[in-house]
Structure formats: C-alpha cells, structure tokens
Amino acid sequence: GFKGRNISHITVEQSVKDLCMIYMDANEEDKLKFFTELAEKYGVDHDYVTTAAMNLASCKDYDYKLTLEEKLRGALVPKSQWLFTQIGRLENGVKFLVDLRTDLLDAIGKSEGNNASLKALNNGIRDLLGNWFSIGFLNLERVTWQSSCEMLQKISEYEAVHPMRNWTDLKKRVGPNRRCFVFTHNSMPAEPVVVLHTFLTDHIASSVQKIVTSHRMRMMSLDSDLPMSNTAEDPNFISTAIFYSITSTQRGLTGIELGNYLIKRVVRELQSEFPKMTQYSSLSPIPGFTKWLTSSLKSETRISQNLLTETEIDALKPIFETYSSDKNFYQVFLDLLKVNTWFSDPRLVKELEKPLMRLCAQYLFVVKRRGYALDPVAHFHLKNGAVMWRLNWLGDESPRGLGQSCGMMVNYRYFLDNCENNSQNYMENQVIQASDQMQHLVKLT
Amino acid sequence: GFKGRNISHITVEQSVKDLCMIYMDANEEDKLKFFTELAEKYGVDHDYVTTAAMNLASCKDYDYKLTLEEKLRGALVPKSQWLFTQIGRLENGVKFLVDLRTDLLDAIGKSEGNNASLKALNNGIRDLLGNWFSIGFLNLERVTWQSSCEMLQKISEYEAVHPMRNWTDLKKRVGPNRRCFVFTHNSMPAEPVVVLHTFLTDHIASSVQKIVTSHRMRMMSLDSDLPMSNTAEDPNFISTAIFYSITSTQRGLTGIELGNYLIKRVVRELQSEFPKMTQYSSLSPIPGFTKWLTSSLKSETRISQNLLTETEIDALKPIFETYSSDKNFYQVFLDLLKVNTWFSDPRLVKELEKPLMRLCAQYLFVVKRRGYALDPVAHFHLKNGAVMWRLNWLGDESPRGLGQSCGMMVNYRYFLDNCENNSQNYMENQVIQASDQMQHLVKLT
Amino acid sequence: GFKGRNISHITVEQSVKDLCMIYMDANEEDKLKFFTELAEKYGVDHDYVTTAAMNLASCKDYDYKLTLEEKLRGALVPKSQWLFTQIGRLENGVKFLVDLRTDLLDAIGKSEGNNASLKALNNGIRDLLGNWFSIGFLNLERVTWQSSCEMLQKISEYEAVHPMRNWTDLKKRVGPNRRCFVFTHNSMPAEPVVVLHTFLTDHIASSVQKIVTSHRMRMMSLDSDLPMSNTAEDPNFISTAIFYSITSTQRGLTGIELGNYLIKRVVRELQSEFPKMTQYSSLSPIPGFTKWLTSSLKSETRISQNLLTETEIDALKPIFETYSSDKNFYQVFLDLLKVNTWFSDPRLVKELEKPLMRLCAQYLFVVKRRGYALDPVAHFHLKNGAVMWRLNWLGDESPRGLGQSCGMMVNYRYFLDNCENNSQNYMENQVIQASDQMQHLVKLT
Amino acid sequence: GFKGRNISHITVEQSVKDLCMIYMDANEEDKLKFFTELAEKYGVDHDYVTTAAMNLASCKDYDYKLTLEEKLRGALVPKSQWLFTQIGRLENGVKFLVDLRTDLLDAIGKSEGNNASLKALNNGIRDLLGNWFSIGFLNLERVTWQSSCEMLQKISEYEAVHPMRNWTDLKKRVGPNRRCFVFTHNSMPAEPVVVLHTFLTDHIASSVQKIVTSHRMRMMSLDSDLPMSNTAEDPNFISTAIFYSITSTQRGLTGIELGNYLIKRVVRELQSEFPKMTQYSSLSPIPGFTKWLTSSLKSETRISQNLLTETEIDALKPIFETYSSDKNFYQVFLDLLKVNTWFSDPRLVKELEKPLMRLCAQYLFVVKRRGYALDPVAHFHLKNGAVMWRLNWLGDESPRGLGQSCGMMVNYRYFLDNCENNSQNYMENQVIQASDQMQHLVKLT
C-alpha cells in the first residue's frame, strides 16, 4: 500500500503519474484487471473496519465515541480513494479520472453477477467527482462562431439529439436567434461538460425541423455605424426561449446533476439580455415511447389494457390489411412501427394521430417507475419544476424522431414563479403538473 | 433536518441562501451558537451509527459486508456536511465557507475544554475544502503592475513577512528582477490564495533588506524597436531565484497544503523563462528562534545545557555589566533581547554573532517536535526536499527580523535533482539534509 | 536626404531607429537644432516646387494637368514627412512621435518671431497623427478597480480638473455610481488618450464637491447568490449621467478632436446599460471667467460697461471699506478676487452672488472670439450640440474652482434628439442654444 | 460640396453614413457612376489650383512662400479625400473603404482609355489606407485550432497557393510542426490581412506535397503532468522554418507592403520560441514561368535564342513524335505543356528536367522588368533580402503547380545577417544574390 502519512509528496506524484501513463496504454482486459485489483486489494481493510465497528458499538463515552467515529470514518475510506485524490492533483488528472470512470462504468455494465466491489469503487469516484464538479466550479460560456474551432468541433460531435450534418449546420446553431451555452470546468477547459441549445422566437415552438431549418433574418438594429452583415436579431420580436437540445457530454459524470443548473443559469442570462422575454419552454424528445408502446403491443394484456378503442381498430384494420392480409392486427401494427412505414402512408398518419397522441400522453403522464415519470427526459424537466405543457404531433419527422416517439415531441414549460412549488410537489408528492391539453389527451378515448 | 433525497433543489437552494445571509449578519456569540447547534444537532446520528456498526461487526457475508460498509459510511457523514456542500454550490459560496471556517477556528481557539464536536465539525469542512482546493483547480498567475488594482491591493495587504510601506514599494515588488506568483481559485477569482515573491539575481542572497531596496537596473535587451523605458532585466545576469516571501492568505484553508505546489510550479515557470537559471533558494525567516532562546535562557537547566561557552560568557559579562550591575547575567541577556537593545551596541553585535549563530543552527537542526524540525518554516522547506543551506547573520535588520530571530535568516536551497530523495529521507527517516556550514555551526563551541 | 524609392527597407528602418535613439537622449537645445534642421533642410524643395507650380499654371491639357497636380502634390510633401511615416512604423514609434510633437510645440512656444518653418513642420506631424488617431482606431475601455494598476496610476496622474489626493479617492472615482471611460490607441496600449469621468445620479448635479465626496451606497441587486460586498448601484434610481471631468492627456495630439467622440460613445454605452437613463449633462468648469473679469475690471471702460449696477455697488461698498479704506472700489474688488478672500466673508458671498452670476452668464453667452464662445469649455460642448443649461453658484468651492470662476460651474446639457440641430446652428450661424435661466441671468440687472 | 470648416460633425457623420448605405446597395454600374462623379466633381478645383500655383510661382518672400505652399497643398487635396477620411471614422468604415477600393480597382481595370481621374482617385485612397495600415497598427496573431471558427474559416477561404480541401486539412495547417501567423488590424478585427504559413522541420524542404501531407508526430515533451494527446513537436528536431504560403487577402490594399513585415516578425517569434532555429527559407511558387516559356516558345526568335540545345532537341524529338507526327517540334512542346501531358510520361519527365530547370533558372535570374526580377514572387523575396537558393524539380506536383511552373518550386533563403546588404544591393544596384546551384543552372547547356 503506498498510502501513508510520511511519504514525500514528490515520490507520490511520480508514482501516480507513472501509474496513469501505464493505464493510458492498457487495453480493456488490462483495465478490468486494474479495476478489480483496486477494488479488492486497495479497498477497505475489512478486518480493521470490523474491529473498529465493534469498538464503536461498545463505547459509552460521548467524546470518545466521536474519536472512534472519526477513526471508523477514516477506515471506511478505501485506499483507492486516496489514489484518485492524487490523480486529481495532476494536470489533466481530473479529465483522466472522468474517462477512467467511463471505462469503469463500461466494465460494470459488461460484468456478470459479482460486481459489488466494482460498484463500491465506482461510488467512491462518483463522490469525489461530485465534489469537484460542484456547480460553483463550473463556468458558463456562450458558444458562437467566434468561439474556438476546438470548442465548436466538440459541440458538433457531442450533439446527439439533433445531429448536425456539416459546418454550415453548426454555424446556424450558434448564429442569430439561437443561443448555445455550455458549462466548462477549469480542469478541462476546452471541454463542454453540458450543452444547452436554445432557439429564440415569439411562440412555443411545436416542431424541431422548423427550428433547425429556420431562416428568418431581419435587418439588424444598427448598433454599429455600418453593418458588416445584413442579418440579425430583432429584440422586439423575441419573447420566447425554446430549449431544444440539452446534452451531458461526459459519461464519466453520470449521476452528477448539472443540466438543471445550466437551464437555470441560461434563463438568467436570457432575462438580462432580452427584457421582453416572458416564455420559457423545452421542445423535448420522448426517448422511451416507441419502446414502451412496442412492448405494450406485444404484451399478453394488450387487449384488456384497451390500448386502442374499438372505433380506432375499426378505422385502422382495413388500411393494415393492405399491408398484410395474413398477420394479425397487432403484428401488422408492430411491423408498421418498426421501420416507420406508417409515416409514408397519409391514411395512417391521419388515423393514427388520435390513438398515438393519447397513448403517448398516457406514457408520459401515467406510466411511472418508483413513483416518478418513467420517461427520463420527462423526469428531468419535472424535477426542475417544469409543467408538462403540450404534446406535438409530427414535432420531429426525422428518422430518429419517428423511431423514438412516432414523431411526437413534447414541450415542458418553465413558469419561473411556480418552478419551486412544482418541483417540490413532484419530488415530495410525485404530482406531475400538466396542462389541460395533456390531461385531456390522457382521458380521450 | 432538511436533508433529504426527495426535496426540490430549488427549495434547498433558497433555504441555504437565507441561512448564509443570516450568518453574515451574525455576531461572534450567535456564530458560536450556530456552530454548536450544527455540531450537535446536525452531526452524526450516534444511535443509528452504533446500530449500523453493530450490524457490520456481526456480518459474515462478503458482499453484504460491502453494503453495510456503504451504509455505515453514509451514516458517518454528518448532516452538516450536506449543508456545506450546498453552500459550496452558491455563487461566492466557497469563499463564504472558507471564511466560516476561519470563524470556526477562532471559536475552537477560544473554547475551553469541551470542543470535541466543534473539532469534528471543523474536520468535515477541512475535508470538503481539501477536495475543492485540490491543486488541479488552482490557477497560477503572475502578478505585475499590469495586474488589476484589486489584486495588487490584496498582495500588499496580505504581505506579512516583509510589509510594504506604500504603492512605490509594491510597484518594485512586482517590477523588474522580481516575480510575484499567486495561486487563485476559480470560485474566488480576485483572491490570491497563496503568494510567492521571488528575487532574480546571480547569487544566493543573504540579506532581505538588499532585496527589498535593490535598485539595480540595466538597459533592456531591445525586444521592441524603441524602448518605452530604459530599465529592465538582463537575462545573462540572472542565474538564481530567491524565494523571499511565501504567504498563505486564507486562514480558513489551514491544513490544506498549497505552498509547496506553488514553489514547484514557479520553478518550472522560471526554468522556461530563464534557460540560464541554475540556483533556487529561499531566504527565510526563523520565526521561532527568539522564543525558543528566551525560553531556554529562562529554563532551570540553562547552565547544564551549556548554552554559552565560558569564553563567550567571559567576553560578554563586562559589556552586560554596563547595562545593569545588579541583575544576573542571564537576566540581562533576556532584557537585551527583549527590545533588541543589543543590536544598537556594536560591541554586542560583534560578541554575540558566534554564540547566536551556533544556538540558532542548533535550534534549526537539532530541536525537534515529534521527530521533525520544530521551526515551522524549516519543516515546510525540508518537507519539500530543500537543503538547510546557510545561516545569515544580520540577514533581516528590521524590528520584526530582530524580534523573531535576532536578525538572522536562513537559506533553504532547492537542488532540483535531489528534492525527491531529500523529501523522502526527511519524511520517512527524519533526516535533515544540511550544508557543511550548518553542520559546522552546530558543533562549534 | 535618405528618402528614395530604391532603398532597402531594412536599411531605412535601422537608420530611423538610430535617429530616434539619439533624439531620446538629446537635451532641449539639441532638439531645437534637430527641429530647425528638419524644418529647413528636410522640408520642401522650394525651387523645385516653384518650377512645378509654374509648369502647372501654364498647362492647358486636362489629363496632363492631373499628372502635373500629382507631381506638385508629391513635391509639396516635405522630406521630413517621410521620416515621420517611417518612425510610425517602429514599435512604440507612434508614442515617440506624439512626444516629439509635444517637444516641438514647446519649441514653437518658446521661439520668438521667425518660426514659420517650425510651424510648417508641426502641421505635417499633426496631419499624420490626425490620420493615425482617426476615431476608428481608438478603443473604448471602461476603467474600474479591476483595471491594471498601470492604467489607474495614469488616470490618477492625468486628472487635472478635480485632482485625486490618494488611492482611496481613485478607487471611488472608478467605483459604484461612477463610470470612467477612456479611449486607448493600439500603438500605445496602456495610455489613456482621453478620459471621461461620469457620475450616475437622479438629477442634474450642481456641485462637484457633492460628486467627489458622495457616499451614497445602496444594497446591491442580488446578481449573485451571495453578495461579496453590501454596496452597489440601484438601476432604478439612476436616470442622469453627469460628465464631470474630461481630459485629453497627450499634448502632442493638440488639434486632433477626440473628446466629442468619447462623449458620444459613452452616451451609447450608458443607454444600453441603463434603459431608464434619460438625462445627460456636463458639470463643467469655466476656466476663463476670472481672468476675463479681472481684465474687465482693470479696463478703462469698466464704468461705461456697467459691469455692476449702482444698487450692487451701493451694497458692496460698505463691505469693501472694511477691507481697505484708501483703495478705490475696483481695486479692492480685484484684491478680494485675487486670493479668494471674498469667499471667507459670508456678507460678500451673499452680495456678490447676483452680480457674479450675471457677469459669468454674460461671459459665457455674450463674449465671443471669431464669432464663437470665448470660453474653451463652452465652445467644446456647444460644438457638440449641447445646450448651455444652468449656471451654478458655488458649484466648485475648491481653491482651483474659486480661482478660475469664482466657484461657479455650468451644466451643458445634451438633449440627444437636438444635438445635431444645435451643433449645426452653432457652427454655421454662431447661435448659442441656452436655457431660460441663462438668458434671464444675462439680462438681469 | 459638403466639405466645410463650420459644419456640425454630427450632420457630417449622418450624411456620410447614409452615403455608405446607398453605396452598399448599388450595382456595378451605379458604382462606376459614383466613382466618376467623385473623381470629377469632388476632385481638385483645378482653376483654384492654377491660380494658387501662379501666385506661388511668382512669390519672392520666403515666409510668404511657406504660407502659399501650405495653401496649395490644401488646394491639391481633392474634396473626395475628406469624404474618405470621414468614412474611416465610422465603425467598420475602414473595411468599407478597403472594399470600395477593390471596386474602384475593378472599375479602372475595366475602363478603356480615359481613366486618369479614376486613377487619381485611387491614389488618394491608397495614400490614406497606407497611413492607416502602417505596420505599427497591425497586430501579429498566431492562428491555431483554438482560434475562432470565424478566423479559421477565413484562413481556409483565402488560401490560394495550396488550397485546403476540408476542415481536416485546415486543422493540420494550424497544428503541430506548423505555425500560421496573421496580421490583423484593429478596425477589422476578425479579418486576417496577411497570412503566413510556416512549416517547422530540420532541412530546407524541396517539395510542398511533403509539407501538406506530412504526418510526422513525436511524443510530446511532458509540459503537463498527463498528456492530453500523444502527438507533438520536438524542439530538438526543429532547426528550419519553411515559409510555404504567404497571402495578402485584401485586394483593396494593393500597393501597401505588409508581407515583408510579417516575415520579419514571424522570424522574431520563431527565434524566441525555438532557440535552436538556424535556417529560414521560403518554398515558393514561380507563378510566371510557364507563361513566359510558352510565349518564348511561340516567339519568332525561339531558335536564335537557343532555348533548347541541339542535344536536348535530339533526345526529345523521337518522344514528341509519338504524340504527333505532323506538327512541328515547338508546336508539340506547347501542346504537351498546355494540359501537363508531359508529366504523365516518365520519358518526358526524365528528358525535360535538365532543359526546364535551366530555362526556369534563367527566367528567375536573368529575365527582368525595369531592372528587377520579372517574377513577382522572386521580386518580393529579393526585395526582402533573401537569396535565390535552390530550384526544386517536381516541388509541386499539383495541377496548379504543374500549370504555373512545370512543377518546379524555388527556395528563397533568408540569412538574417545578410538580409540588409542583399536587400540594399538588389534595390540599389539590381544585383540578385543567388546560390551556386542557381548560377550553375543558368549557364548549363
């Protein structure tokens, strides 16, 4: 064990650096070995802990109890934790640790069964990173075409929600009527830790394609004597901020909440830049709907659940039969969903709107996991105090949007004065604040 | 207790903010009450911990043991720790916590006897701050006359070792042939957390007054076409860096080591700026010498210790008698030390040099506390791997220098190739690396 | 002459650099010689010009005339102009030239009689500098306590209108409820070329002492979670910007107008920072009043001019006699003005208010030079389109204010919508836009 | 005429701004009209000038002559010049003027015959811009992948010498072992006015394809504790800087020399970054060679000139005949050159090397225009003091390189100590400093 009070910090630093260099060259298998050894040999000294626990359990003196608690607390810190702390002191060490945790999460994911000690190791790193990525240490930066190519390249690469096809796309995402804000951390300066894309407009947008392809340009308000370009923003037009993409880029920071803080800070920035800004809303994907729907349609209980009304089934049946005459209704439905065939058939687009909207509203509003919304994006915004505001038919017609949620998108709206109440009500009482439209959709049959 | 998993983070943030605002207006007494309540009511749930410890002590299953350890680890985190984490997330929250710990250290200092729970509270904050002030999160900045007035004003105010009298003094300390480097932390950007003043010269300087009043100016090497000023540095002359003042400015960061990292980083900066730089040394105060000497002179065993040789006593006695004929020798000696009277008497300056140099060398080299050098500045540099290089008679003739160490200063020299070995040898074997001069002085009688 | 088309630019650069280095070491006498030689030997080749002028005068062909004009234009550029252009290409060369022109203006000031060629030389440099200090090349910078010490030291040293006594004064002038803006030029970056001090308040201020000593501090609007200081600005209170000091720092830029551009830019900055800002006004000294008054009182025609009304004389006479019984009325008046004796006598402060206010209003509004206001500060603001708004009794009680203008100050107010008209009307028709108060004062007897 | 001493500057500014806005929307024809009107109606008042010239020609008094000269100088400044000065004061006005001059140069290029007044107009703008783009006002910036996307996009678009195909190309050009430096001007900050691409290596490179496709990567010298990437520069390897592309991006700055200053500044930067840097050389295109060769081959005197030796003709003839049996030798040669057919035939690549190298050396070294090298790139580097160092066969195998100069490139080498002499010798005596290889090639037959 190289942890010790009386070792020169120079010796320590060199050893730790060497260890990191070896790790960087290791393959997946080596890394797993490394993790396992760390977890088992450099974990807690279980015998020592047991003894310390015994001593504490039998202690009667208050002051002495405090001392024993302190001792036990120290004993419960695995030796590996000390190594991670040392790594964090190296230049680029924090980023190294974030990437190491990514590897560790992979290893845990791939491990079968017996991974309790790997999980304990992971918890230790998470707690450390949680301390280091405390919100106070993150810097809010606006990304524009004047930002560094390094940053913009990363913004482009990390964008998973609505991918960019080329640099022209990218230029538009950071151009007029958009705001792209990121959190960066001092110890990994060119790395956008969380990214939030916002669209500036005058209404609660319902379709992301319109945002991504918008070309509205107005004459600039002449801030300078001679304009360098003849396109710009009209602050009198802008009343609404649409958060249309939020991405946490570092898998190694899983479990450390930053996105909600970014939204909160961006709202503050926008308020001060646009005094006439009054509406804040997301335009969000519904990543789990199709999966849930598919699974429900396959389930034994699909009929008793009344997923579709009889009227709906009657209307769809003749159309389904034009696709396959021998498969049963639900089988055809599943086939049509699988590769988005339904979307190319105007009859289906028309007839499916009502049932899919209802089912999706139910998925968002009714389906729960441990009392909270099953859909992770829904859970994220509801936790932040947003209202489930509007479900939008054909809000995202991209293959991705059709695949995830049959093309639907949802607005979670932020009413600044009520966020606290909503958030509290959701977290403490599991109550989802939803608009009339949403509530109506749910009940609709 | 307002800690809880299912509380809206907005609610939490507002409550914590309110608490901080109340604290900022509180007086000393209120603060003590606040600390006591935190320590006692928001500490660890001792009963719960005892039960958890008992369960762990009796558990036999490996995997389940891990779970119980995790549980106990959580139980041992005082509730107050969670509050401090929340405070750290507020803007300016980290600085608030550093200042709060300063208050807490004051409170502990003033408390009599029963302060075990305050100390536990303090340990918790120290660990948290230790994570946050990990070296990777500190920025190295050079301070010059082009730095902000805000920063320079602080540099001036924090300088305790060799105080500046006015802005002209300050301008010199950040001017040619000097380097002033600081560590800043992102969460308190205009605050120099540690400050290191370095003098650039061609030899191991022996007197700080010469540094503080140096006026050597040379023609600048013409980097620009026309010089803006006719004074500058001569890179061919500069071979030596003298660290003549290092200050940790935040008492609230007591126990979190940063100074050694600053020295290491500055060495690296200087190496890259001055390829001909070969010598690195401190010129350091000896804060504890006079105190130790006084106490030794008062001690019963002063004679058996042979503090002074008979020859020395014989030489000094007649001079001492010109000051007081009725007091005994040691009493007069103590009087002469008290207000630095000896320094105004050339006879004493001459006769005291040999004994004081020897005694000071002994103080530095021989006197120990738990095996390590008693003098805190010595301990700091030896831990960093420096060599105790040279004791300088009349190195600091300021009242402060005379008062602390009878005007002596010491060079701790950094031989870069040996620092690691020295540091290790000191920390592990308690061996002090000292020059021949020092070793000779110690034995001299 | 080393000007020539086919010389290597490297040779040229080295020669010019050498010349500058020699100049920098020269004394006043050497410099005068240098100027004289430049003006006479490196001026225009007069014979060549005469011939070229003759050729042009007799040319009949249009196209050929253009060629001859181009030739003559070239011939009229003195050789020295080419040297100055070369100097401007050196690093720090522009600042060198600005300082050289300061020397030249000194030399012209001291020369008696025959200085036509020095003046021609001066015109050449002025034109060159005028090109280089075109407004487009100046950077607007706000100076705060976070600005560099180098900049703040200069701000302090250059402040002539209301001098600062110490760094605390300085900190206040760049602190809350003030804005200090400067123009800098890229070729001399740490040099504030023009400085404008603005005070932010809710009314047209009438006294500069109140500005300089104001301590109004309000609770900050909580932009950050925890305040670092408890004093700040209240944007709801601020409706008025008072320009209370404007300084052009480089005498070598005499004749190149920059101050008006600075005011215009600052107005734009303030408008965007404070949406509720509606009033803009200077609070200006009246540098020429006492001088004019003294000279008028001494003049033969002082009685026929009716400087004072009989009522006023009757009221003042008994008080004057308490100072001197044998001197005549005007002589005593002049004595009382000379060292501001009147200001210590409440009787005089009371009785002089009416006549001095009237006389000063007349000085500002009626006394002219070539059709424009004689007072240079008045001329500056009127040219910018300001309105002569209000004369303030005891607006500046400092010795300087009493000496220059018997303690009076004047507000020139900027009504943004009318500036253009006012400026045009003043410049083209010599009409001074003045408030009712000013017009009333002028006529008052 | 709107020029006048007594016009409000606010009125002026608005008028000028309006004029610019109109110009920006104008088409080519409108612009020509605008230029013509400016040139003719807002030029010099020729009658007034004639009278002033007459007065001057007949004046005898020295001092009065100075006055008349000043007057004439003023009269010779066209009124349009004043307008341009005003434009330069607007924000973005300088860039506007640079672009306007581009339009004007186009108009002059397209005009037939009578354009004397347009040329006079152009001279006026050139002089003004020459003052504004004085080297002292240009900022040296290094462009890297951390520079703004805006800047990098422009670097990519302006690169004409060796065009980039995509962003990966671009990333390499600003990556390890390269330096891309630009001059920017404060009044058009995101615009690289001149761009210099440098390759860092250990020898005088002879082929640009090797530079553009180089992948040499070495382990980084560990400046930081943990490397973020495993590729970097080896300062011990780098001894040579190859300037492989220099571009002036603004046609509106034609005639204002900036490139030489950029090279000089970059040399200084590299010297300070790489103490072991000893060799500086360009790797340059020869833009005029093929054109000159083609024209020589077509000329009547092609035989008497002995372009090719008889041995060479004998060797080439049989190969040429495989391409065409009925055309004459020179005709075939011209055909082979036209679409670089020769380059696909290894026999021709072999046989043409000697004659083409000789002819190209002659073109560079012997062919002159007004005494100076005809090739513009040669003239540029020779003027800067470089030595014509080495002609490289197949230095640029791109279609562009083959088309311009039969694939040859040339190194102009900068020996820092001799640049001044060389430059002077070239400019004053038209002597080209060339290496033995070049001199040998020229004489080779």
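Think of it as A, B, C and D in the order they're written, each chain with its own count starting at 1.
Please note the rule applied: a residue touches a chain if its C-beta (ideal position, glycine included) is under 8 Å from a C-beta of that chain, and two chains touch if they have at least 3 such contacts.
Predicted model, so just to flag it, every value in this text is computed and none were measured.
> Spelling it out: a chain qualifies if it touches chain B and also touches chain C; which chains qualify?
Shared contacts of chain B and chain C: no chain.
> Using mean C-alpha positions as chain centres, tell me how far chain A is from chain B in Å, no decimals.
For chain A versus chain B, the centre distance works out to 44 Å.
> If you average the CA atoms of chain A and of chain D, how many Å lie between those two points?
Once rounded, the distance between the two centres reads 52 Å.
> Quick check: how many Å separate the C-alpha centres of chain A and chain C?
Here chain A and chain C have centroids separated by 59 Å.
> For chain C, jot down the residues that touch at least 2 other chains.
Each of 90-91, 93 in chain C touches at least two other chains.
> Chain adjacency by touch: line, ring, star, complete or other shape?
ring
> What part of chain A is in contact with chain B in the complex they form?
Of all residues in chain A, those touching chain B are 6-11, 14, 44, 46, 49-50, 53-54, 56-57, 62-63, 65-67, 69-70, 72-73, 76, 85, 88-91, 93-94, 114, 116-117, 120, 123, 128, 131-132, 134-137, 139, 186-187, 257, 260-261, 383, 385, 419-420, 423-424, 426-428.
> Please give the residue numbers of chain C that touch chain B in the complex, ascending.
Residues 13, 17, 20-21, 24, 90-93, 95-96, 145-150, 152, 167, 171, 190, 224-228 of chain C touch chain B in their complex.
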